[in-house]
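Shared chain: subunit A. Partners: subunit B in the first complex, subunit C in the second.
What follows is the complex of A and B.
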């Protein structure tokens, strides 16, 4: 540790700088009074939170299920087909958000019509990219498991269903969790795709963009503080679990 | 089993066709068809208006400078992560990534509030600070992943052969980490050139090309689509440029 003290200082300064804005907001929010009641007392904001959560949770679940199925099934397609699918998967990930947004809007205008934008169009728009992000996280691991483990399991006499539930899913769990986390983060972050495809629905991003008056800004700061605390607590629990697991393994070895 | 496998890929293929390929074709259609005939009028309007071209150029300028700052600050951070104890590296990495799990727009609002309290607001400096704070985790992760792949024996060999620490870094570590820097450039350059949120909150009227697309999305979808195509074309050129550079470094790696 002493040898690298210089690097620890660099990393500490860097972390302090990237956390400055959020710490400033947290200080402001607690100075403004009760953080929780500022959020729960604001009906428009509560609606926005509901829209964001419903969209991101549904789009993540649907995206991860579709991506997992495809990751497992892809081995039985020909190489040309597999390569084509992998190339197309890169599009929604590399397209600028605003390009994805306008393409989907043009499509939905034709299919659903101008007056019918709502949860249906909003969630479909999010599925277009949550599925791709989930696939990129899950496919490499699924490819490996499919080849090595599934063959071994069927050689040992497991039925396809047994192979799926006892071998593939448990081994794929880590990749599925990682894929869900990325898909959810991308969906929850989104502003422009939702703004063009959500019709009258307003999610958190849109509420925060529109907030100008002091009252609305106060609510935004309170919400940011709450999100920060939730993610921080989640992260600390995650780290503690990881380290205990790691120590157990060390003891066994 | 094989039949099940084939059926399992169907929903994904449908998502790609309906929600990825079709919208791409729709953008092209909207941009190039006016009434019921083919027309490049939308592109003429865009490239004929010096105002839009100026915004396009300034978007690229913001993106390029942001990317450069991200390399200059991100490289030492990634290098530091590589040098320290593994458990702490893991924890610090998680903390660098953590803000990404908060809502992006709320994070940008927080940056704006802090900058305003320092009276740095609505100028180029504030945009650069905002963009770097938002995008630098991508650069750090890309470089850190690449550094992690370096075989430590190469560094030991260089040391055994009498190279100084600085020389080992310049001749061994740095060239081997360039592919990481290049993938970091892709991850930072493209989103920062088209970001809608950052200029909207921090910029005070300063716009990127993304804002222009948003502005016309409802009122003149054809025109917005034409700009989107121009943006994607520039994006493809940049990506080709970077992947050529990447290949050069891969070959160099194999030779060595």
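What follows is the complex of A and C.
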């Protein structure tokens, strides 16, 4: 114990840095009254949550589908082509969001014209970057699987669709889940791209940035607490499932 | 089975999104200042009222300043917009507003107060009347807690205090808006009063660059500035700092707009900051007009060129209900003479309430020469002087 005390202190500081802000907000949120009714009683915040959820879910689904298909397509190319395309796909992730935001806004103005900014432009904008993030998570696994699985399934008489849904996707499941989580988080958190491409729509980030007055801040604290609790419960369920599975395996062994 | 589930999910979400977008065709979108129509940052009460009166769903989109509104209008078609005076004129000149029929709204120029009427008629030789209506007005005034400003007493709406009294002492923290137009006027007021120049409102409000530089230098050398007790803050931060008496004892702000904060804080929080609270409202706060002159900010309402059918019904509903709501939520002043008299005149609900009333002096307000202000050369020089002043006191 004495030997490890330094590490315990480091661990304590590490956990404090991570959890102290959320603990403070949670304490404030519960101190301000009913957390759920603070959020549900605020019409503007409810609208912002709806915009964020609809945009993030649709953009994540579409982005992940495109990224999965692109990853599979890329594995069938020659190495030089593959590497070149993979580097190009990294670009949207590496350059600043503001560049993407302005570029998309200019493009949408050209295609759709002024006054047509709303869900359509917002979702398309989010798809453009969720696809890139999902691709980064999915492609390495797709590359690892290679063409061999598809060829083996084909040799055994599977149709291309059967190969995709029964062989490729089950093998990519972990990467697809990871890609979806990253894409959803990036989309849900986004501010600048949504600001320039959402027209009159306001998502959670836009609401939070404007919320500096006490009344609005209380709603933000309540929302943050609720989101934290949802993630925490999800994490606990995930850990419980993992432990249960591990125990079952141990028993079998 | 899994495949069907995934496809159903995608189809369901897409359909919900599309139907969600289409269900808003009867929605009128109003671009307005943050928390303009209510104090909690949630426009539900105003939405319900306008829906009942006009039959349309209302979506409020908020902006922090006029330039943000102008920028948003490049990608978004709003139906109604509520810009400030100079921006309304700018939007009109950019053909972004459509003509309004005053009589269709039961209005005429004569129904507005004389100070509003004279200021509004200055814009484009009165042409702005055809495109934008003065909806609310607020002036810059001084607010403080208890007896922080000794010797300034009285209950009348025309109570005045010279800015010299504020800045020539080092015991008070003075907070003002981080805004070139407002800071420039306060500096000019100080400079004029300190040197007995007796400048007119026109000269105070639209100074030459050299004169303004002298004014900022004078303010920079005041006792308050030398003691590091002047803060330049945005509207929200100014209200928060003043309510907490945290480095702002005296605020020079719009009408009584910082008072919203007392509703959002608990009584306990307000009392801890030294306020005597009765029914959620501070009783030991005082306000006065600046003795020299003030900016009169007028916010207008206008229909955009792409406004949807039915927007005029919402505009009418706003007009029919606005004055009462505005005083309640925003602490601004009604622009209509009849409503103004009903509220602040003899027997009015706000007869003794100088929070909202404008100065009774005809020449108190500067006539903002927006043409001069919009000149990029002049404007950049004014901003340059303001930024230099700001850096010197921070």
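One rule holds for everything that comes next: the second predicted complex is superposed on the first by the 219 of 253 C-alpha atoms of A that agree within 3 Å, B and C clash if a C-alpha of one lies under 4 Å from a C-alpha of the other, contacts with A are read in each partner's own complex, and residues count from 1 in each chain.
Convention: a contact is a pair of C-beta atoms (placed from the backbone, for glycine too) under 8 Å apart; a residue touches a chain by one contact, two chains touch by 3 or more.
These figures come from a predicted structure and were not determined experimentally.
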Q. For A:44, is the partner it touches subunit B (first), subunit C (second), both, or none of the two (neither)?
A. second
Q) Is A:102 contacted by the first partner subunit B, the second partner subunit C, both or neither? A) first
Q: Report for A:212: first if it touches subunit B alone, second if subunit C alone, otherwise both or neither.
A: second
Q. Thinking of the overlay built on chain A, is A:221 touched by subunit B (first), by subunit C (second), by both, or by neither?
A. first
Q: With the two complexes superposed on chain A, say which partner A:243 touches: subunit B (first), subunit C (second), both, or neither.
A: first
Q: For A:79, decide between first (touching subunit B), second (touching subunit C), both and neither.
A: neither
(Q) Taking the superposition on A as described, I'd like to know which of subunit B and subunit C A:251 touches: first, second, both or neither. (A) neither
Q: Identify the partner contact of A:196: answer first if only subunit B is touched, second if only subunit C is, both if each is, neither if none is.
A: both
Q: Decide which partner touches more residues of subunit A, taking subunit B and subunit C as the two options.
A: B
Q. For subunit A, what residues appear in both contact lists, the one with subunit B and the one with subunit C?
A. 105, 109, 196, 211
Q. Contact residues on subunit C for subunit A in the complex?
A. 2-3, 9-10, 13-14, 16-17, 20-21, 29, 31, 34-35, 39-44, 47, 59-62, 64, 74-78, 236-237, 240, 260-261, 263-265, 306
Q. How about subunit B: which of its residues touch subunit A in the complex?
A. 1-2, 4-9, 11-13, 15-16, 19-24, 26-27, 29-30, 73, 76-77, 79-81, 83-85, 87, 90-92, 94-96, 98-107, 109-111, 113-114, 117, 133, 136-137, 186, 190-191, 193-194, 196-197, 200-201, 210, 213-214, 217-218, 221, 224-225, 228, 231-232, 235, 239
Q) Can you list the subunit A residues touching subunit B in their complex? A) 1, 4, 7-8, 10-11, 14-15, 17-22, 24-25, 28, 52, 66-67, 69-70, 72-77, 85, 88-89, 91-92, 94-107, 109-110, 124-125, 127-128, 131-132, 135, 154, 160, 181, 185, 188-192, 195-196, 204-205, 208-209, 211, 217, 220-221, 223-224, 227-228, 231-232, 235, 238-239, 242-243, 246
Q: Please give the residue numbers of subunit A that touch subunit C in the complex, ascending.
A: 41-45, 47, 50, 54, 57-58, 61-62, 65, 105, 108-109, 114-115, 117-120, 123, 165, 196-197, 199-200, 202, 210-216, 218-219
